[in-house]
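Chains here go by letter, A, B, C and D, matching the order in which they are written, and residues are numbered from 1 within each.
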Amino acid sequence: MSNDREIIINRAVQEIEEEMTVNLGIGMPTMIADKIPASKHVFLHSENGMLGIGPYPISGEEDPDLINAGKETVTAKTGASFFDNAESFAMIRGGHIDLAILGGMEVSEKGDLANWMIPGKMVKGMGGAMDIVQGAQKVVIIMNHVNKHGESKIRTACELPLTGEKVVDRLITDMAVFDFTEKGMVLTEILEGYDLASIQEKTEATFTVDEKLLEKEGSFSW
Amino acid sequence: MTKVRTSFEDSLSNIKDGDTVIVGGFGLCGIPENAILALAEQGTKDLTIVSNNCGLADWGLGLLLQNHQISKMIASYVGENKVFEEQYLNGELEVELVPQGTLAERIRAGGAGIRGFYTPTGVGTPIAEGKEHKDFNGTTCILEEAITGDVSLVKAWHGDSYGNLVYRKTSRNFNPLAATAGKHTIAEVEELVDIGRLDPDTIHTPSLYVQDLLQGETYEKRIEKRTVREA
Amino acid sequence: MSNDREIIINRAVQEIEEEMTVNLGIGMPTMIADKIPASKHVFLHSENGMLGIGPYPISGEEDPDLINAGKETVTAKTGASFFDNAESFAMIRGGHIDLAILGGMEVSEKGDLANWMIPGKMVKGMGGAMDIVQGAQKVVIIMNHVNKHGESKIRTACELPLTGEKVVDRLITDMAVFDFTEKGMVLTEILEGYDLASIQEKTEATFTVDEKLLEKEGSFSW
Amino acid sequence: MTKVRTSFEDSLSNIKDGDTVIVGGFGLCGIPENAILALAEQGTKDLTIVSNNCGLADWGLGLLLQNHQISKMIASYVGENKVFEEQYLNGELEVELVPQGTLAERIRAGGAGIRGFYTPTGVGTPIAEGKEHKDFNGTTCILEEAITGDVSLVKAWHGDSYGNLVYRKTSRNFNPLAATAGKHTIAEVEELVDIGRLDPDTIHTPSLYVQDLLQGETYEKRIEKRTVREA
C-alpha cells in the first residue's frame, strides 16, 4: 500500500464508531475493514445483499455464493443476515446505514461528488454509488488531494458528471479533512507534513477554516 | 401438478427474438448458468437483457454478447467485460445504465404492479435528465418506471416441484426480484427437493412466481475475485 | 346455508381450474373452498400473507399465528408459503393471482363494482378489495341478483361508492351468469328455474344475450 | 453490544404525545401485545396510529381507543370495534382508510426511502379523489405517498440481541414492514435466542432496523374467529 493510501485509510477508520452500520465502497474504502479494531462492534453492509461481512476466507474455504459488492470472496460474521438487492437498497435509501465511506474522483466546495465516469472513456456504470450517497446518514469521501498531474481534485465545481449533488458530509485526503456544513466547506484538520498554505495551494475550492483549527495552527507562518 | 421440466432447450424456447429477459445474479454469483448456456446455444437474437452486470467475456451473459444476441443492456455496472466495450463503442449494443438500487426497485415494482416510483437517487446527475422531478417535503425526487420482462431467468439453491425457491447467501441478490417480474419465469436450482421439505416460513420465492423449474446438472460457480487471508 | 347461497357457490366453484392460484373474498366466497374437488390442485391465496390455505383445523389444533384474511383459524397445505403483506399485495397487484372471487353489493353494466361502503352507515373499510379487483387476472363477483326489497343489484350505474371501475370479468348470481366484455355486459347462462324474461325483469342494467345461449333458449316463450 | 431491553416502560417512553406510531399485526394475529399494554399504561395522548386494523374493544389497539389516546387512525379495515365507531361518529377520532395493499406498500416505501409510487388500486373510487393521476401505458394510476413513523411496534417469534427477527406463519403480516418504517423500532419477541442461532438466510428483519428488543413475559394470542372442522 502506498504511503498516501495508508495515511488516508488510517484517518478514515477513525470515522467508524461503536455499533455503527457501515458501507465501504469498492477499492480503497474496502481496505478500511482490516483496520477496524477488533474491540469495536460494527456491522459492515454489502449492497449485494449482506449485513455483517467478516474477514476474507482462509485459502480453500472460499464460497462462490458469498461475495462482497466488489465481487471478492468474503465470510459472514456470526449474527449476519442475507437479503435480496431491493431490501439491501431499501436499507440504503431508507437511511438505515449510519456511514458510507466511498472513493472520489472530484469533490466540489458544495459537497457535490463525481466518482463514476470520465467522459470520453468507456463508461463502466455507477453500481450502487448514486443510491449510497443519497441514502447513507453520513457520507465520507476518501481520495488523494491532487491527481497525478498535481492538480486539485477538490474543485469549485465538479467538471466530471456527478454521482450526487450536495451529498458529501466529510472529505478525507492525504493532506487534510474537510466538512461540508450549512456554512459551506470547512477545513477541520491538517494532516502531518502539511500546513494551511500548502493546502490552500493544492485546493481549487474555496473553504473556510474551522475556528479550533485556526487557534491551533496560529503559530504557523501565516 | 408439477412445474419441473427436464429440457432447458424446451423451456428456453419461450424466449423469442426481440424479447426482454431479466436475469438474476450479481457479477458471476448466483447466475442461472445452465439457462444462459442454453440461450447461447439457441441463438435467439435482438434481446434486451436486464441484469445488474453482463458477465465476463467468456462466461455468464458475456456468452450472449460473444454471439451478438444482445441489442440492449439495462445494468448498473458493466466494467468487467471487454466484448461489451467493443460492441458498445461500435454502436452494436445500446446501454441503459441504472443505479443499482433503482434497478432493483424497478424490477421489484414490475413484479409488484407498481407502475412508477419517486426516488432521490440520481437527482442532479445525468441519470435525472429528462425525468419528471417532484418535491416531497423538501426532498427532490425523480420518477422511475417499472421494468417487466417477457421471460425471467433465475437461479436458486433449493426448489420444489410447485416452484417454491430458497437461495443461498449472497447468491440471492437480484434473483427473487427477477422471479417476480417475468411474464414467464424459468428457475434453475441446484437441488430439487420434495414438496414439504422447504419450511413455509423461509421460502424466498413463493411458488406462484415460477412457471418452469429445472435442476442444473452441474454448476461451475466461477469466482470473479478470489480473495483470501493468511490462515 | 340458504338455497340461494348454495346455488351461487355451486356455480362459482366451477370457475376454479386446475393449477390456478385463487383468492377467495371474506364471507360467502370463503365457503367455496370446501366445494373444490379434492382431485383439483389449486393454491388458495390469503392476502394477510399466505399461499396454500388448507382446511379449517380440527378442534384443539387451532393456531393463533395461522389465520386467513377473514381472521378465521386455518391450516396450511404441504408446499405452502408465508410472506409479509407487501409481498402478498405484490402478488395481487402484479397480476400473479389467476382468479379472485368476491362478494358484491352492486355491479354496473360497465363492470364497476361496489362492495365496501354504504353512505350513512358506519364505514368499516375496504380491506384488500380495491387491490384485488385491480390486480387479479380474472375477477368473479358473486351476489344475490336482487336485494331484500326485491330490487336489482345489477345497475345501469352503481349508486354506492365504487370499489373498482370496470373491474368485473364475470358476475354470478342466484339467477344468471354475466360476462363483461368489450361489447358490454353479456348474459351467458340462465340458472335453473329462471328464463330470460324473469332475468330481464329483475335486472336494471342493459345487457345483450350470448348467441349460444340465444340458440339454446330459443324454445322459450320470448 | 446488545439491543435487549428489560423494561417495556422505558422503551415505550420513546413515544411522545402527538407521535405517529406504526403497529404490526393483522386483526389480533401477531400484534405487539406487551408494547400495546405498556403504551396504554403510559397514557400517551394524541397519537396517530398506522395499523391494518384497530383491535377489539377490549384487546390490542382497542385498549388505546378506550383510553382516548388515539386522535387519528390510518387503517384498511376497522369494522370489528364498537368503541371505534362511537369515537368516529362523535368526531373524536379522525380516520384515513387506505386499501390494504396500498397501506402495506406505503409503509414499505417509508422504510425504503421511496417517497411516493403510482398504483392502479383505487382509481375511480373515493380513494382517488384529490390524488395525482398518471397514465402508464394505458393504465391509469394514482400517486400514493410513503408513511414513516416516529416509533414502530412489532412482534416477532424469535429475535437475537443484535435485533435480527424471525416471524411465525401469518403472524408475519405487517410486522416486517412496520419494523423498517419507524425512526425508532421497538420489537418484542416470544423467545430471545443466542446470536448465531438464526440462520442468516432466513432472517426476516435484519438487525439494523431494530433499536430496542424485548422479550414478552406472556402472550395471550387471542383468536378472533375460532373456526374448526369436524375431525
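Assume a contact is a pair of C-beta atoms (placed from the backbone, for glycine too) under 8 Å apart; a residue touches a chain by one contact, two chains touch by 3 or more.
None of the values given here were measured: they were computed from a predicted structure.
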Greatest centre-to-centre gap (Cα means) from subunit B is with chain C
When the C-alpha atoms of subunit A and subunit D are each averaged to a single point, how far apart are the two points in Å?
36
Would you mind pulling out the distance in Å between where the CA atoms of subunit A average out and where those of subunit B do?
29
Which whole number of Å gives the spacing of the CA centres of subunit B and subunit D?
32
Taking each residue of subunit C in turn, which ones touch at least two of the other chains?
76, 82-83, 86, 89, 92-93, 134-135
For subunit B, which residues are shared contacts with two or more other chains?
105, 108, 112-114, 119-120, 167-169, 172, 200-201
Contacting chain pairs, sorted by label, are A-B, A-D, B-C, B-D, C-D
Subunit B residues within the subunit C interface of the complex:
1, 108, 110-114, 160, 162, 164, 180, 195-196, 198, 200-201, 203, 206-209
Could you list, by residue number, the parts of subunit D that touch subunit C in their complex?
26-30, 52, 75-79, 85, 88-89, 95, 97, 99-105, 107-108, 119-127, 157, 167-177, 204, 221-229, 231
What residues of subunit B sit close enough to touch subunit D in their complex?
105, 109, 112-120, 134, 136, 139, 141, 145-146, 166-169, 172, 199-202
In the complex formed with subunit B, which residues of subunit C make contact?
18-19, 21, 41, 43, 45, 51-52, 76, 78-83, 86-87, 89-97, 134-135
What part of subunit A is in contact with subunit B in the complex they form?
46-50, 55-59, 62-68, 70-74, 76, 82-86, 88-89, 92-93, 112, 122-131, 134-135, 161-166
